[in-house]
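What follows is a group of structures, each given as structure tokens.
Note that chain A is present in both complexes that follow, paired respectively with chain B and with chain C.
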Partner chain A sequence: MILRLASGSLFARALTVGMTVLAVSLSVALFLGVEKVRTGAKASFADTISGTDLIIGARSGSVQLLLYSVFRIGNATNNLTWESYQDIAARPEVDWIVPISLGDSHRQFRVMGTTPAFFDRYRYRSGQPLAMRDGATMSDLFDTVIGADVAATLGYDVGAPIVVAHGLASFSEHEDQPFRVSGILEKTGTPVDRTVIISLEAIEAIHVDWQSGAQIPGQSTPVDVIRQMKLEPQAITAALIGVKSRLQVFGLQRSINEYPQEPLLAILPGVALQELWQIVGIAETALIGVSAMVVVTALIGMMATIFSSLNERRREMAIFRAMGARPRVILGLLVLEAVLMAAIGAALGLALLYIGLLIGQPFVDRAFGLWLPIQAPTLREVWVVLGVVAAGAVVSIAPALRAYRMSLADGMMVRI
Partner chain B sequence: MKLLPCLALSVLAASHIFADENRQLDAHEHGVGQLDIAFEGQRIAMELHAPGADIVGFEYVAESAEDRAAVDAAVATLARPLDLFVLADAAGCSVVQASAELESEAGHGDHHEDHGDEHEEGKHDQGDHVAHESDGDHTEFHAEYLLNCADPSAVAVITFAYFDVFPNALEVEVQVISDTGATSFEVERDAPVLDLRGMF
Partner chain C sequence: MHVPELVLAAAETVLLLGESGSGKSTLLSLICGTIAAQSGSVSVAGVNIASLSPGKRDRFRAEKIGLIFQQFNLLPFARVQDNILLPLQFAPERRKRVKDPPAEAKRLCIGLGLPENVMASRAGRLSVGQQQRVAAARALIGTPALIIADEPTSSLDAATQTTFLDLLFAQSRANNTTLLMVSHDTRLSGQFDRVIHMADIAKTVREVA
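Take a look at the complex of A and B:
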């Protein structure tokens, strides 16, 4: 009965109620959206590397090493000499080691030199290996395997020719040694999707006629000659390591960090990621704070509309009283109306969020490489929605109490 | 906030004493130790590094009988890991191997000053916080443990009695690696408990 009264009363004031509900729903959608992006970003970062025990590179910061070696964000301060690499590779604790050489690019995508072991050893999303969508791994010196996004953006198929550019944003290209796409990887949702993978020897091969970052004029070694050359790298950017026994990880890490011949750094990917979260955490908290304030503002706006509606509903309340409604019923009616508004707002907010996700998901993935999963609301989100409804009830108590008191004092007549 | 301990950076010390090509020193922060824990199967490997200042209160070479006794006692204490890092009885852990030693940072024992007293004063002047160039006269205790546990997943919480035993220790930076990956924690004197639930 009272529910019908409340919903009827809300319908009667459809416009103001609608605006209030809209404000609540937008604020809820914003709050949950921020939450989704936050957890999505965290998960997609954490899913990027798995199964690698240590990452080694030149001594810098652990977060920096993680960012440039795994996420291709930023650049290495220094390279890692091939001698040190081989020295570490020969250590008894090392089960496998995969070198990574960065620094060249193809269009907007980075080129990574590595060994075929990369395809076996690199794991993402709790141990999932890389899979070929098309073609095969490199079999020739000038073969390349490209990530799914590279293929999709540039429209490459297996067999397509590729010219690698020197450096990351440069016009000088390694034109005399074109590559051929030999394989395209399955989409992974990691930076591998946006990487052009070539062999370590190929990185050396395209730099044969280069010195100090520029091509030696007039000199162009024929491809046949390059194929005959011993293409051993001088230096690499970083290396991924798997150890034989987990019990040896820390010992190996310490000895690499104390490696006397070259300043090296070995990091545990999980620990470095956690350091990264500590840095990002402040901004995260600020974002959550701001979006929570938006929810609070919307609820206060709802309180204001209820307050302002009290005057125009004085006569209505007085009629209820005359019909035998107790003052408590008046109070309950107003709180119920507020709860209804908040609940509709929150539900609409959830709907908005999922519509937004459906529309925005491919775009966010393309633009930022961030995969936002569309899942049923988490427990935390359910609590947020319930919290908004409860908060709606709480803020309505003040105007409801006022109505309660007024309905005791007011008669049928409205004095003007 | 926690008392900011004297920080001796790993400076490439521009000291004439070092004629070698390679000059590097480890970071060394008084009050802060490092503990690495690795879980594999039924075995747990732990490695502790703690500044001499935390364990015995000084970092000069122990020459008096009293100081030597303190170092010996500390090494003996550090060789009993289950008294320092208390594991749940349900895990059924026993020590397979434990070793502890005192190591000097760069082995320049002949060039040391008495840093010990300076660091122990509760209140520092601003000037004392300056990261001073170390000539390598910091010492560190290093201990390695190998435990065997009937049920390692029952090691959900580790209580750090370490802080009760060594009153100068303020914090331990913990790195843990298990089946679920690697992560890090900070265990402080105020809350000497390491919660490893979620690591199994």
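Take a look at the complex of A and C:
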């Protein structure tokens, strides 16, 4: 019955209590939202590459190599020669190797040259392979496979023509060698969705008439002639490696890092990701801190609301006292009310978060390439909700103690 | 305030008359144990209230005393039934005496002339007269030894006042309960077993700092 009376008292002050609950719920939704984006971003990054033991490229920073080779963020400072690539590919420890050649673009999407092995070996989200939503992989030199976001954003279907631009922000296009969309990949929630994939030979083919980043004036080799050429690359941007035995990873990594012919870098994707998290760790902590402060502010607002309601509730407290309630019952009643407000606020915040996720998920995916999964609340989220409820109880102790002292002083003869 | 002696018999109905500021509320607070006497003793149902700890005094009040205030003495947001059953929450012995609390609350309401369907209504939605009857039912439930009514009829019109008092007397007599009612209204005198004037039982001394 006391719980019913506490909730009845809250309903009687629906407007102020509603505003307080709304403030708590919005703050909880914000805090959990930041958490969701943070963990979603981490999971999304971690899910992007799976089953690759080493990534190799020209010597730079391990995070930089990871970012440009896997996430298409930033650019390579140098390339890896085809000879070195072949030499490493021939090593006995290497089970498979997939070359990656980056540098060109189509509209705002990166173009990646690779071999058919990419479709067989690339794994994301705990070992999931790529799957074709429509069409097939490249069978012709000028075929391209596009990611789901490329198709959705540009409205491309199988058979659509594509002209690749030279570089990333260039107005020069390889218009003499147009491509044809041969296949569209299923959505993966990874940068592959925003990638235009062509063969490694095609990368060479579109650069036949180019030198030092510019087309040779007046030169345009016919496509038929290009098809007859030996289109072996001179250099690639990076390569993904799978080893035969996990025990050989560190040995191979050391060997590549000490490669005598050219300065190379081999990284373990997981370790590089950890380095990346360390770099963004401060910003991450600051973001969590700010959102936690919003929750604290809402809870202090709740405390202020309880404080301001005490005077108008002196009669109610006096009635309880007259009926034999001890002052500690009054204290408990106020704490219970605060717990109810915080619990409703936290639950509502959780509900708002999921509604926000349902509405915002496609937008966030489109705008930032960040796939935020809608799953049951995690243990951490449950702890956050419980923590907010407990904090609600803690902040109510000050006004509850005041009510306790008031009820002792007023007794049951309050005349307001 | 100095009260040499005041004794109320079991099942007696007593009207306490007095001007404003004569110390009526202080006397009621002394009887209820919410303020302590500087000297002497206050006993209710044979128990010296001053000998009890604050917690036991609160529980003793819940067990032995039913209270009706002048007005605004119900929790307006709570249902009538919850208002009536509230004292039983803090008085286990009083609760034991009531076999079926909701049924007893209903019986008291009907006895006090309230409609049967009033139990689920919010107390704040009732008329002032109905609220006073609900307060009377709350004071009567579990048959406490003493009912203290602090000017319960002052906000009621004459007709409602008579009906309310008749019902209160009937119920308190049926339960063998002592009734101490405070009022300014001397016209009520004839309806009580005994009438006490504050001026006759107490001397009020005001200290000016």
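Observations, loosely collected:
The definition used in the following text is that the second predicted complex is superposed on the first by the 410 of 416 C-alpha atoms of A that agree within 3 Å, B and C clash if a C-alpha of one lies under 4 Å from a C-alpha of the other, contacts with A are read in each partner's own complex, and residues count from 1 in each chain.
Everything below uses one rule, namely that a residue touches a chain if its C-beta (ideal position, glycine included) is under 8 Å from a C-beta of that chain, and two chains touch if they have at least 3 such contacts.
Owing to the predicted nature of the structure, the values given are computational and were not obtained by experimental measurement.
Once the two complexes are overlaid through chain A, chain B and chain C fit side by side, free of any clash as defined at the top of the document.
One geometric descriptor of the composite model is the angle centred on chain A: between the Cα centres of chain B and chain C it reads 110 degrees, in steps of 10. In the superposed model, A:268 lies in contact with chain B only, and not with chain C.
Of the two partner chains placed by the overlay, neither chain B nor chain C lies in contact with A:116.
By the document's definition of touching, neither partner reaches A:377: not chain B, not chain C. In the superposition on chain A, A:178 makes contact with neither chain B nor chain C.
After overlaying the two complexes on the shared chain, residue contacts for A:11 are found with chain C alone; chain B is out of touch.
By the document's definition of touching, of the two partners only chain C reaches A:1; chain B does not. Of all C-alpha pairs linking chain B and chain C after the chain A fit, the shortest spans 53 Å.
On the side of chain A, the complex with chain B involves touching residues 50, 53, 245-251, 254, 258, 260-261, 263, 268-271, 274-275.
On chain B, the positions that touch chain A within their shared complex are 22, 24, 26, 36, 38-40, 43, 45, 47, 146, 175, 177-178, 181-184.
On the side of chain C, the complex with chain A involves touching residues 25, 28-29, 32, 34-35, 54-55, 58-59, 61-63, 67, 69, 72-79, 82, 85-87, 89-91, 124, 138. Taken in their complex, chain A has these residues touching chain C: 1-2, 4-5, 8-9, 11-12, 315-316, 319-326, 329, 411-413.
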